[in-house]
Each structure stands twice: as C-alpha cells, then as structure tokens.
Amino acid sequence: MAHKNRIGNLFSLTSFGESHGPAVGGVIDGMPAGVEIDMKKLQREMARRRPGQGGVSSSRNEADEVEILSGIMDGVTLGTPIGFIIRNHDQRPEDYEHLKDVYRPSHADYTYQAKYGIRDHRGGGRASARETTARVVAGALAKQVLEKMGITIVAKSITDVAEVPQGDTIGGVVECIIKGVQPGIGEPVFCKLSAQLAEAMMSIPAAKGFEIGLGFDFVNHLGSEVLDKWMMKDGKISTETNYSGGIQGGISNGNDICFNVTFKPVATLMQTVEGIDSQGNTVTIEPRGRHDQCVVPRAVAVVEAMAAIMVLDNILINRASRL
Amino acid sequence: MAHKNRIGNLFSLTSFGESHGPAVGGVIDGMPAGVEIDMKKLQREMARRRPGQGGVSSSRNEADEVEILSGIMDGVTLGTPIGFIIRNHDQRPEDYEHLKDVYRPSHADYTYQAKYGIRDHRGGGRASARETTARVVAGALAKQVLEKMGITIVAKSITDVAEVPQGDTIGGVVECIIKGVQPGIGEPVFCKLSAQLAEAMMSIPAAKGFEIGLGFDFVNHLGSEVLDKWMMKDGKISTETNYSGGIQGGISNGNDICFNVTFKPVATLMQTVEGIDSQGNTVTIEPRGRHDQCVVPRAVAVVEAMAAIMVLDNILINRASRL
Amino acid sequence: MAHKNRIGNLFSLTSFGESHGPAVGGVIDGMPAGVEIDMKKLQREMARRRPGQGGVSSSRNEADEVEILSGIMDGVTLGTPIGFIIRNHDQRPEDYEHLKDVYRPSHADYTYQAKYGIRDHRGGGRASARETTARVVAGALAKQVLEKMGITIVAKSITDVAEVPQGDTIGGVVECIIKGVQPGIGEPVFCKLSAQLAEAMMSIPAAKGFEIGLGFDFVNHLGSEVLDKWMMKDGKISTETNYSGGIQGGISNGNDICFNVTFKPVATLMQTVEGIDSQGNTVTIEPRGRHDQCVVPRAVAVVEAMAAIMVLDNILINRASRL
Amino acid sequence: MAHKNRIGNLFSLTSFGESHGPAVGGVIDGMPAGVEIDMKKLQREMARRRPGQGGVSSSRNEADEVEILSGIMDGVTLGTPIGFIIRNHDQRPEDYEHLKDVYRPSHADYTYQAKYGIRDHRGGGRASARETTARVVAGALAKQVLEKMGITIVAKSITDVAEVPQGDTIGGVVECIIKGVQPGIGEPVFCKLSAQLAEAMMSIPAAKGFEIGLGFDFVNHLGSEVLDKWMMKDGKISTETNYSGGIQGGISNGNDICFNVTFKPVATLMQTVEGIDSQGNTVTIEPRGRHDQCVVPRAVAVVEAMAAIMVLDNILINRASRL
C-alpha cells in the first residue's frame, strides 16, 4: 500500500527530501517495540547504496550518515515512530543553474513541471536517486527484524555488463530471492504479495519491469510443463519446482520468493544531448556534474530494502488473519 | 493504493465474493457526482470478461447481470458509493466435493489454508477468476468517466496462440495502451503511476509479469539509444519516441501510456494431475468441471478495467496538486 | 481511521445505500477467519435498531433482513470480505416528491446539493438513518468476536425523557461502557482510542457531542481531585477511580471504557415548518411520511456497533505492537 | 483519517519524536504546490504553543526553532513532502531517573508499558505535550493556504480561570470558530467533517470532550426550538441561527463552524502524589521538573492547528466530488 510519499500499512515509511536541499529523511512508523538495532549494520547498508559501487557508478561523495531522531532508546526500538535524517553535504547547485528552464530527455523535469507548475531543478530534486537513501534506512531496520524471524533477502545483478562506451550508460536486471517466509503471508485479491512487491519495485527510480517466478517466460510453456508439484520436505508440504516464485494466489507458499526487476539505462549521459525549454526551443545540454553510468549496482541495496519493507509489513498484517 | 480487498484512494473499489457463494460484488467509492452512466455499455464490458471468449475459454454459463443497488439515480451518479452485486447462478458445488481436503498444484488452495486455517474449496472460492467481475464493473464505470475526458484504454493479446494440445493450457501477454492522459498525472516516489499500474495488473489472477515502455528490453540498449527526444507537436511538448511508455519519474508526460502484462497458463488442466492432501498424501485429481484453456482473452477486459480504475483515481488525486 | 464510506483499518466496514434505493449494505473486510457466527444474534441486533423502539420512535416497517453474500461458509468466517445487503422494502417515494427542490431546515438536503450538485431527495437519501443498518451488521459481527475475548459493550440512554409535545422531537445522551479490554489497546498520538471512538460516534447521524470519563465535567475539578490513583486488584495494576474513562494517553488501561454521546432532536417534525427552495423562495413543508420522535432508543444499538468496530480493529492492530 | 502517527489523507502530517530525544518533527505530505510561505508567521504560531503563555503555564525554555528540510524552495512550496525538525535543547533526563520504573497516576506511563513492553520514561516520552509542536508546524502551513482561500480559524479559552491553589492544576474548555468555509466541504457518513474534527481534537493530549454547535445542550431543547431556519443573505442561502455549528449531515453549510473541546487538568502536580511501580508497590513521587498548571492557553494554538489540517484536507478531497 503506497499513498503519496508513504509506503506500507502497519510498517510504513514516509519519506521526504530533495537531492540538493538541506537533507533527505523519513519517518518509519510501526516498527515493533523491543527490537535491538545494530546501527553499524544499518550504516553498512547505506554504504552499499552509495555512488562509487564499482567503476560504472558516479563518484559523488555522499557520506550518508543517518541521524536517528526518535523511536530508539539505548539501541532498542520503542514502538514509536523512528524519525531520521541524512544531511546533503556535497551540494553543488551551480552545476544545475543551466537546467533551470530546461527539460532533459527521458528525465522527470517536464512531468514534475506539468504536475506542480514548479520544480526543484537542482540534481533532479525529489526525482533524484538520492531519494532512495530513506528507503535503505527503513529497509535496513526491517531486515534486522526479519533476520530475527529467520528471513533473509539477497539481491544481485544478473546482467552481463559489457564494456560501456565512454559517456554512455546501460541498464540491467536485479534478481532478488527472499528465503524463510512462512506460508500464508500476503493478502489475496488486490494486495497480493506479488502485487505489492511489484508496486514497491516499480517505485524505484528507473525501474521499468517486474516479473515473479518464471515471469515473462511463462508464455513459452504449456500449463502441464510448469505446474509446481507438491511434495513433503522435512515434514512440511513444499513443491518440487518453484515456477510460481514462492507465491500462489498472492500468498506465500513457504518456498523462496524469487523475482526480477529491470532498470533502464541512466538518462544522464556524459555526452552532449538535446533538451527543450519551456517555450519549446531546442537546447543543447553539455555534460556536467557527477552521474552513474549504471544504476544497477546501487539498485541492489534498494531492491533488498523495498522487499524487506513489504515482507515485514505483510507479516505484521497477517497476525490479524485468524481469531 | 491497495488495502486488503480495496484498491484506489479517492476512486476505489472494495470487492467481495466467493466463486460459489450467493454472489460477488463490491462498493465503488468516490465516483464523481453528475456522470451519466450507460448501463448497456457496462453490460457489454461484462460480456467481454465472460468465459467463452473464443475456442480456448471455458463454457461456464455466467450471465453476469450487474445489479446496481445505490449511488446512481435516474442514470446519473450521486457521488455516493455505488454498491452492486452479481448473483452466482450456475453453481455446481458437487463438482468440487472431492477437492475439500486436497491442494491442487499451482493453485491457491494450500496458501489460503495456511493463511486462514479454513477455505472455501468450491471452485477456488475467493481465489477464482470470478472475483474479477467486480473489477470489470468498477472499470467500466471509470472508463465512462475517462471517455468524457477524452481518454481511451485499449488492451489486446499479443501472444501468437499456437494450437493448444488437448487438455493442456497456455498463458500469454496482454498489451495495453492508454491514450489521452494529460501530462502531470501520477504521484512521484512510491505512488508512481507506473508502480500503481504494476500493482493493479499484478493483482489480476495468474499475472506474473509487468513491464512499461521498452520494459525488459531496456537492458539490450545503451542509454543514448533510448532517450526520448523532445519535440513540439501541435503546439505542445511531446517526444519523438516513446521508450518510456508515457511515464517519466512516475508521472505521465502526455504520450500514450503503454505496458504489457504476462499471464501464466491456467493451472487447472483437463488431464489427470497430482495433488496433495493436508496429511501429505499424494492424491490423483481427475479433470472435472468447466475451465479456461487460456485466460488471456478474458484478461483483456480485466486489464482495461484495472487501468481505468488507476488512471481515474490518479486524475482525481492530481486535482489537489496545486493551490 | 475513516476514509470516505469506510471506517476501520484491519477490521473495516465500507457501506453503501440510499434510504429509498433498492438496498443498503456493505463490505466487512478483515474479519478474522475461523469465527463461528450466530446469525440469530445478528438479527436480534438489527431488531434493536429498527424504528418502533418504544412510543417515541417512528412506525416505518423495516424488516431489515440481512443477506450475507460472502465470507462465511457453514456459519464460520473465512477471513475473506463479508458482503451483505438489506433490501429496502417499504419505499414510498411519492411521500418525498414535494421535497425534490426543497431544502428542509437542519437537514443535509442543502449540504449534499452544495457538495455534489445532485442528491437523492427521497427520505434523506444517503443521509437517512437507514444508513446505520450497515453499521449494526458490522458491529454485531465484531461483538461476536469480542465476546469470545471476554469483552462486552453495553450502551443505554441516560436522558430523562420528558413528555414530548405532540409533533415535536427531543434528543438525548447515550452512555456506553466497554468492559474487558486488556491494557495496551489503542494507538497513541493521532489514533488515540478515545479519538477513534469520538470519530466513530460523531459519525452517527444527529450526534453532536462526545465525552470520555469525566468529560466536560473535568473543568469543574482541580487536578488533585481527579487523579486516578493506582491500586492492585486481583494481582493486576488497576485504579481506584476511573475519571479517565479507561484510557490514558490514548491507550486502554484495563478499566471500563466509559463515554457519552449526545444526539440532537430529530429535525423532521410532525408539524408545519419552513424550508427554502434552490431559488431562495420560502416553502411551507407539511408533515408527511413516518419519522422518529426521538432517535436515542435506536441510537443505542448503533453506538454499541460503532464501539465494537473500533475496539476490534484496535485489538487486531495491536497484535503488531511488539516483536 | 488518522493512521498510527499520521493524520489527514491528501494533506497529511506524519509526526515523530520523544520529549527528551534529539528532536521532534514530521513530514507534511500533500501541501499544494505554488504556495508562498511566510516563515515568520509560522514561527509566531510556534511561540503561541510554547510553555509560559501566562502565569499558569510552565517555564520550560523551548526555543522551538523549526528547521524545514524539504518541500519549500525560495519560500514557495514544491508540492513535495515538507520534512521538518525541532531540536530538543533543554533536556534534563536526570529529572526523570526516579520515574524509570514508576507509573504516575493519570499519566500514560502504564499504558505505554502495557502496549509496547518498553517506554521512554523521560518527560513522558512520546506522550509528552512536546509532541504537539509538529502539529503546530503543519497547522501553521495549512492556515497560510486557508487564508488565501479566505478562511480564518480562531480558538480561545472560554473557561473562567479561578485562582489555582499552589501546586494544583486545572483544565478548561477551548472554543474554536472557523469562518469562510464554503458549503459542501466534508464527506458524509463516516468522514463527516464533524467526526473528523472530533477525532483531531480528541487526539490532542488531555482532551476529554468535543461538542459541535449547541452540542450537549441540545438535550435541553425540543426539535422545534433548535431548527436552523433558512434565509437569504447577500444572495446566498444561509441560516438565521447556527445551532448546527455550520455542519449538517457531516458537510459544511457555509456558516461558521463552531465547536468546543474540553481538557482535563494536567496530571502532573507540584505536590506529592502516589504512584505504583511495576511490582505493584506504592511509590511516593515528589514534585520535580517544570510543568504546566493549565494546559488550555497552550492548547489554543494546537486546536487551531488541528482544525486547519482537517479543513484543508477536506477542501482538497472535495475537489474530486464532481466530474
């Protein structure tokens, strides 16, 4: 369940922040009380999202120090909302002055302007990947709760990264596997766990596709070839194959939950491109600033974070399923 | 925004109903007042969803007569909630007695049981495709509002339907194109229009994948190859290409919104399959009842319906974007 | 949490229906699975809400037969949404033809028209007390769950009903006491249990005031006079007095939850009154139809129903409070 | 609509913060874009909420400097979420060490402990009146939008403040009048504007009662005495009297919206009181720290803030009422 700048129901993140404003941050509401939080682990998750994750990412120096303002006392969660901020230190607004009245191709400049009649043009404003820091904070905390329940979430890039021509960019696919979710999690009909994961993943900047289990490859098979046959395993009902990706009818069946997310190539190129201004004049945009050549290495941490938020939220909601 | 059996925020559908209970139905909340409703058009949409849409669908005879109980007076919407029901006439519970304690492969039998500790085993209960009738009612009404705004939604199957072996099933891909949405619709960050469409589509029974614009094919291109270059068209800013699928940063850019949804083959085969019972014993399930060989022809109407709900909801929400 | 025609979060009611349309009804979402439902008890609750509860109520003959359409199988809840309808049998639209373009004093005629630009003028349409039938259905089901948890809800009128002059009406106060709620229920800050009860009660037609514990009388006391001193009772922490009304900081303390709701006199008099038409002309309205002289006897059942919905919802939400 | 630590739907506040943690703050989501914000006005509203509003309030020195972190650029709202924090400077945790295992009478100590199994005992933690700073920030911004629409909100204490005995406390009643709301605002049934105002007011710390229009006094009148007779005023339909308090059927009628909120005396006395510890032992609590003798002067600003939030939210929601 997403609602404007909030995602999740019982466990939720409401986020805020422009790329070049004073800070980004958010409020995590519904964190269960009594959870010991390892702040070093959280900070390590933040590092995974930072630019510079390999040669293909940008070199912007974002320390991403998370300041927790509430909801945790002596390292233990209070059940009250966790407010947090991450200061934006490395601002260079002058890098963006030339874009004030320009809409870059395949960016959100024009659509924000069309929606709000105003926009923060500096570094993409709210449409910047910097927004995802808040997601990683909430995800890192959710992960720590899930770990105590025996649930692990691991994402990785499954795209062969060919040589990227100088000044160009590429996209990629992130695969995510969630292990240890008990059967029965997820709400059927509109809130299928698969539907919620799709919404969460497609809300990540540059995400353009989502598939679960066999996904788009299902169309290449007959029904008889892709039935997940039941078997007993360690005294529990399980399946021999996992074409369904761990979810049937929107509800977890106890198997690994497996899905892929595809990301388009970053739209900011380190080469001259053509934009348009608000009067309709073509504008030449010279490359400036610092930008990722490929978003996928950084997206891995964000995919895991979003998955953790959705799974924890659904586990909490499921506590109300039976008398 | 989906919440249990509800989808949408300002314009929403809350649905109910088991396949073999007395009726399915729902409440459409937030329909703007003063809209003339063409009930014949609505009934035609219902017919599109019915089984028997070509040789590959089942022959269950569902009249699907929609009874409107509130919210419309003399053919005009009142702004109050529209309650409606569709009676389930053609019930044959005896067809399902043998499945009372059996979990069919790749169905939701086991997961519902794991979640609730109880389930309606007749015809899939709430997990039946019959649940989608309520979606089509809400979608048909949303469409009539959208039409008055100059917005059209057309979906179609884009899978080559090969010969289906007798007793087997196939899946397929539905393409949907939404024309006429003004720039500025959709909420950025978690409620990206693309994310909401993904959630809505992945909530349709048997949906396993979603992609927008170039989607999964983005990974085969360099950034420079898939920039949507701006141009002026009829005095408006538009793009030469539409790799983005009409949405940038989660917000519509005025171009056609184009996405694909993939559906797995129907899991109910007209051949003998193996299930498992609650004690873990393998059970042979003989084919019985009436079932679709391919869900895609019927899914087309449901895809359009869900798209209409999401687009109308976002248009209404957008009215609050500016002072 | 209320949202348009829905109230409640994990346990919620979405209602629909105009007074003189085909039916009123609703969808109860989030009923926990596995609850045995006593339909006779439910029907008895409906009878308590019916007109004719003593001499001061109207004589409209509403059978109020509830038809359950989903979510309950063989008398046990499935965890899926419970759709239900109550047909409007005793419609006399001709009684209201003269009110088509008239706004009655202290009714919702004008405000509905101002909001929607259209309204169902027959019997108050959606603004009729008939709308509360759906509340009583949901409340009756919630009560049955609460009873299994040892929670009882009893409301009663505490107003001395003086002789009502022929053709006039009176209001009154309903007192409600909820026994057996464990300490710790309710969300602090915006979702205080007291705040949610206030919203729920003030949403009942004709409700004009709400107070909890000592309520408005608190202003007549010094702080030292109204402290609820702690004591041990049956090995549990309790209080000697209950000025707080069972809730402190928005969260239940284990004591009886006690609140009052005040209702204004019914605005439909059985005497000539002056209305106004849409052109601003004064219109004389002669008494017609069937109307309550006092809403309080019927409101008792509605107060209990709304209390049951809110308490059950909060108990379910509270399951997520701790790891 | 409140949901955990959030209130409002299209315009909402999500708040966080313990009294003696690093900061309190929140996220204001849904502020319409393009609104010029006067930060000095906002800071003046903060000052009205501060302790020391007359002799009967405490002397805690809270500067309450609001730091806006996002959503406003060059003094104009962007439409994106407004994150903000107010640092807690004047912390004296040592004042509260003796209360670590003690439940004070008529405080939320015990109920928080019962709910979460843990609590921040310093200065009431999240249950402190300090939490209301975030409300005043959101309310101050909402007010600035409402002013541009010609809407004003004025609250005041209407209790005769008698001499308060040394070391004791008193409560009081705050009256609030909202002028300039057009007819048609508010959702009928569960989201009546009156119900939403009730929820918002009853969510303020120490609020124990709410009434609208004639409120509890309605029971002293016959229906014929309290009809709001229609009349024409300046070419518009209006009423001669305003017993209804500006709302009929949950929707504004264009008249002043008038309601009262009652607050209990502050439970922290500057005299010795008896508490209980978690083992059930009686504990003598000596007065310490800094506390309000009467909450009402400070509550005035909070009442206005909450009213502003609810009215703005409903005005935005109402934009979707008609085609």
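Letters A, B, C and D name the chains as they come in the text, with residue numbers starting at 1 for each one.
Definition applied: a residue touches a chain if its C-beta (ideal position, glycine included) is under 8 Å from a C-beta of that chain, and two chains touch if they have at least 3 such contacts.
Note that the coordinates shown come from a computational prediction; the quantities given were computed from them, not determined experimentally.
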Request  = Average the CA atoms of each chain to get its centre, and name the chain whose centre is farthest from that of chain B.
outcome  = D
Query = Quick check: more C-beta contact pairs in B-C or A-C?
reply = B-C
Request  = Would you mind pulling out the distance in Å between where the CA atoms of chain A average out and where those of chain B do?
outcome  = 25
Task = Could you please state the distance in Å, as a whole number, between where the Cα atoms of chain B are centred and where those of chain C are centred?
result = 35
Task = Just give me the whole-number Å value for how far the CA centre of chain A lies from that of chain C.
result = 42
Request  = Could you tell me which residues belong to chain C and also touch two or more other chains?
outcome  = 4-6, 9-10, 15, 30, 33-34, 79-80, 115-117, 126, 188, 321-322
Ask   = Quick one: in the complex, what on chain D touches chain A?
value = 4-6, 10, 12, 14-18, 21-27, 29-30, 33-34, 67-71, 73, 76-83, 85, 115-120, 125-126
Message = Quick check on the complex: what are the chain C residues that touch chain A?
response = 9-11, 30, 32-35, 79-80, 145, 148, 188, 316-317, 319-323
Inquiry  = For a test of understanding, state which residues of chain A touch chain B in their complex under the given definition.
reply    = 1-7, 9, 15, 103, 105-108, 110-112, 114-117, 126-127, 131, 159, 164-165, 168-173, 182-192, 194-203, 205, 207-216, 218-219, 221-224, 226-232, 237, 239, 243-245, 247-254, 262-267, 269, 271, 273-276, 280, 282, 318, 321-322
